[in-house]
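Below is one structure, written out as structure tokens; the observations come after it.
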Amino acid sequence: MIEVSDIRKRYRRKNVLNGISFKAEKGRITSLIGLNGAGKSTILKAIMGLTPVDGGSIRIGGQPLSPEIYHTIAFVPDRLTLPGSMKLRDGLQLMSDFYPRWNAEKAEDLMSFFRLERGERIGRLSKGTAAKFNLVLGMAQDVDYVLMDEPFSGIDLFSRERIAEVFTSQLVEDRGVLITTHEIGDIEHLVDRAVMLDQGHVIRDFDCEEMRSDHGKSIIDVMREVYRT
Amino acid sequence: MKTYLKLVHLEIYRFRLVLLGLMAMTSAIQLIGLQLAMRDRLQAIRGQLTREGLSLAQYAERYNGIPLGEIWSHRESWMTFPIVICIGGIGLYIFLIWYRDWFGRSAFVYRLLMLPHSRFLLYVSKFTALMTFVFSLFALQIGIVAVQMTMYRLRMPDELRVPRTLVDTIRGMDLVLFIPVRLHEFLLVYGFGSVFVLLLFTTILMERSYRFKGLLAGLAYTAGTLMLVAWMWAQAERGTALLYPSELLAAAIALMLLNAALSLWLGRWLLRTKVAA
Amino acid sequence: MRRRYGYSIGLAVLSAAVLAAYAGAAGSDSNPPYKLVTLEGSTEAMKGFVLEGLGSRLSADGRRERTGSLFLSAPFDDLIQPDRYSSERNQLIIAHRSFMRGHRQDESFYRDGNFVIGADMDDSLSSVKIRILDLAGSGSKEFTVPVRANAAKADNPLYQDKTVLDIQRIETRIHLLVRGQHDSPGNGPAIWTFTDYIVDKESGELLQAEEIYQTVPDPDPYTETSVELIAEVRELEPSSSVMLNVKTIKRKGPDAARSEQDLVLKDWRIIGYDYASGDTWDLPKAGMDRLKQGLAPRLHEGKLYAFNERNAEPLIHVLDTRTGEPLAEPLQLDRSGSAGLRSIRLEKGLIYDNLILNKIPTVVVYEEKTRKVVYRGAVERTDSDSQSVDYQYFQFNYYGE
């Protein structure tokens, strides 16, 4: 499991993360929920080592962060991570070259599923297509954890449905999934655990199934409670 | 090891068009420049022949032949301009080879930093690629002079030609500062040059870790090292320095080796713990 | 991307191949196409000497190397560039490394079998530092000797300078020959003074300061007196006396160029000074007349040598320093193929003649007493494609081991 303990981060005099702790378990989809600027992206980047933290610890499967660990996690950020001049097939080749756990077959399947053209240049993709390609890059790896930052932002409705399909059919299995989103509506029914953030603190951390059965509340209901006041 | 080589290839491949462009520009300007220089010189000589009523053989007797190195200096600016451009271009790319990963629509730096391999490989592979560019231009320059020697042989009349070997020709040109013929000169120029590249690489990483303060610290250290080495060079020429010149050289070399180690170690540490994407 | 590895590999391999070939070519090219060949005699007398020219440095034992293309590493050579006529400093630097540390370019040095003594004027021009190295092993000593001001402070000279020109040891005393220079009052023409400061070798105490000579400014603004030092040509060797070449020259007028035709020699004296006794004397007329044939006077081993290097067939005259009378028959040197390009060196009872003989750069070494040739060598070209040595003048330098 991904274990985040009391991480802090200060950026330009602002405490972006104020002692955040939570766990994301394998076989579950955990969602970080918060308004814009709550620090969700920062947390994912911290787990991926893309930004250093000022305090606290992050452990994955009990191990501290190291280059070896990144064999087991994939990150799908909200931006393209390959040079715009590259063609899609070159991008796939790069992944194959550098990621020992790259699954070329799965990549083929996903490329067909999303109907992506191999000869397209990455820089020319529309936002929706780019997001789909990002998903391919993240999900065609045989990893234990997948992190996704705003996978649905700016995507049209039908694309979103297709992506949600992928979540249910292929994604989880025995992987741990950690996503951030502020549009919880599309996948509310898929999320297992919700961690709500505000001003760099964790204000709610609950199991969604329990919340539904014991309190009769959906995630959105809790959000209204928490963020309206 | 394979990852390192693949990363080096990645860097070389990304730059291939620019490198090709620099090579084409340098070749064209230097070769055309030589043709023009030979044309001018031959014209001037023909004029002198008619005025003084000499034959080519008599001219050669009186005034000696003209070696390639001398014709080169007719269009000195044609020859040195491309070199300056290349140095400027590579110099700029010392910074761009890093910064291009950060800036732009795609965050390629995310991908590079997330690779399941030691991040230090990024540092070393970028350095290797840059050195490859430098040495490929070095090799190109040698090749261009070789081609120029052939052009010279074809165009200059036998009476005026002074046959010299490639090394001999280069030795007599100012060019020899960039393509040295002596091993210890080569080690000094390219050895010290490489260490400065390492210092700049680590400065860039300092900037990416500590922003403006980091940039300032890195640049100050690099500039300080440059001035220290220049000072040592100046001291060597004075008789009153407490260290003999050979000792100053040894000290300068030791200093640069230390700086190389420091840059590599610090760069590695910054990549591992402080750099932010 | 896999199929495009060729680009990177090609670039790297091609570059490496070109560089390797270049390195090989440069390496095998390290010998210049010239060498110094012995035509007669033994190379013993030529130990440490080199001929430099056409980008090469040749020595009599067959060693040859290229000079030049040393832009960055040149300043890092411990030895001083032997581009002056005398360069024996390099012997000191090699033999006494720690004593010479930081003092390679001090103003004057002295060496005999027992001591090495160095002297340097302080930047403030008020004292001289003397350093003595005892070759018998008891280390080195240092003294600071005060040197008096050139002119009274009230005169306020615009420019003044002092240099230690020569240093000698006579038994327990060290003599410093100091040349002072300052403008005369009212910023008139420069006045030169030559003073012998006598210092006790054991205590460092200044015993005496004896003025040997001082120039007197001429009221005529176009008349100038210049003084040239004639000291032992081998800077380090002991010499009991020293001479001053004093010429008074008048220019024809304010617009007169500095060419020789427009200068008139009004007066010429050669003043000798003996360190031990303090005597001064003028070289008698007979001797001056001999010199007036165009010979340049030099002091070596207590004798006055006079010869003209620009002469095609120079004669080396050996004169007594006090009387100006010849001590031996003049030595006739070979006719040079190129007048003006010649250098003659006197050392250890040998005369080294570096000239162009029959178009070829040649060195001939004579034993002074017997007048026999102990060495004769010439520069030969080993590769016929390279530049011919005909009429090329090679510099004769002492380079050390």
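Labels for the chains are A, B and C, by order of writing; each one numbers its residues from 1.
Rule of thumb we're sticking to: a residue touches a chain if its C-beta (ideal position, glycine included) is under 8 Å from a C-beta of that chain, and two chains touch if they have at least 3 such contacts.
Worth saying up front: this structure is predicted, and the values here are computed from it rather than measured.
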Maximum centroid distance from chain B, chain identifier (CA atoms): A
Chain whose Cα mean lies nearest the overall Cα mean: B
Distance between chain centroids, defined by C-alpha means - chain A, chain B (Å): 45
Distance between the centres, which are taken as Cα means, of chain C and chain A, whole angstrom: 82
Inter-centroid spacing, chain C versus chain B (mean Cα positions, whole Å): 41
Multi-chain contact residues (two or more partners), chain A: 94, 97
Touching two or more other chains - residue numbers and ranges from chain C: 1
Chain B residues touching chain C - in the complex, by the definition given at the top: 8-9, 12-13, 16, 19, 132, 135-136, 138-139, 142-143, 163, 165-168, 171, 176-177, 179-185, 188-189, 233, 236-246, 248-249
Footprint of chain A on chain B - complex, ascending: 3, 6, 10, 14, 104-108, 110-111, 113-119, 273-277
List of chain C residues in touch with chain B within their complex: 1, 4-5, 7-8, 11-12, 14-16, 18-19, 22-23, 25-27, 29, 55, 66, 68-73, 75-78, 80, 97, 101-106, 385
Residues of chain A defined as touching chain B within the complex: 45, 48-52, 67-71, 75, 77, 79-84, 94, 97-101, 122-123
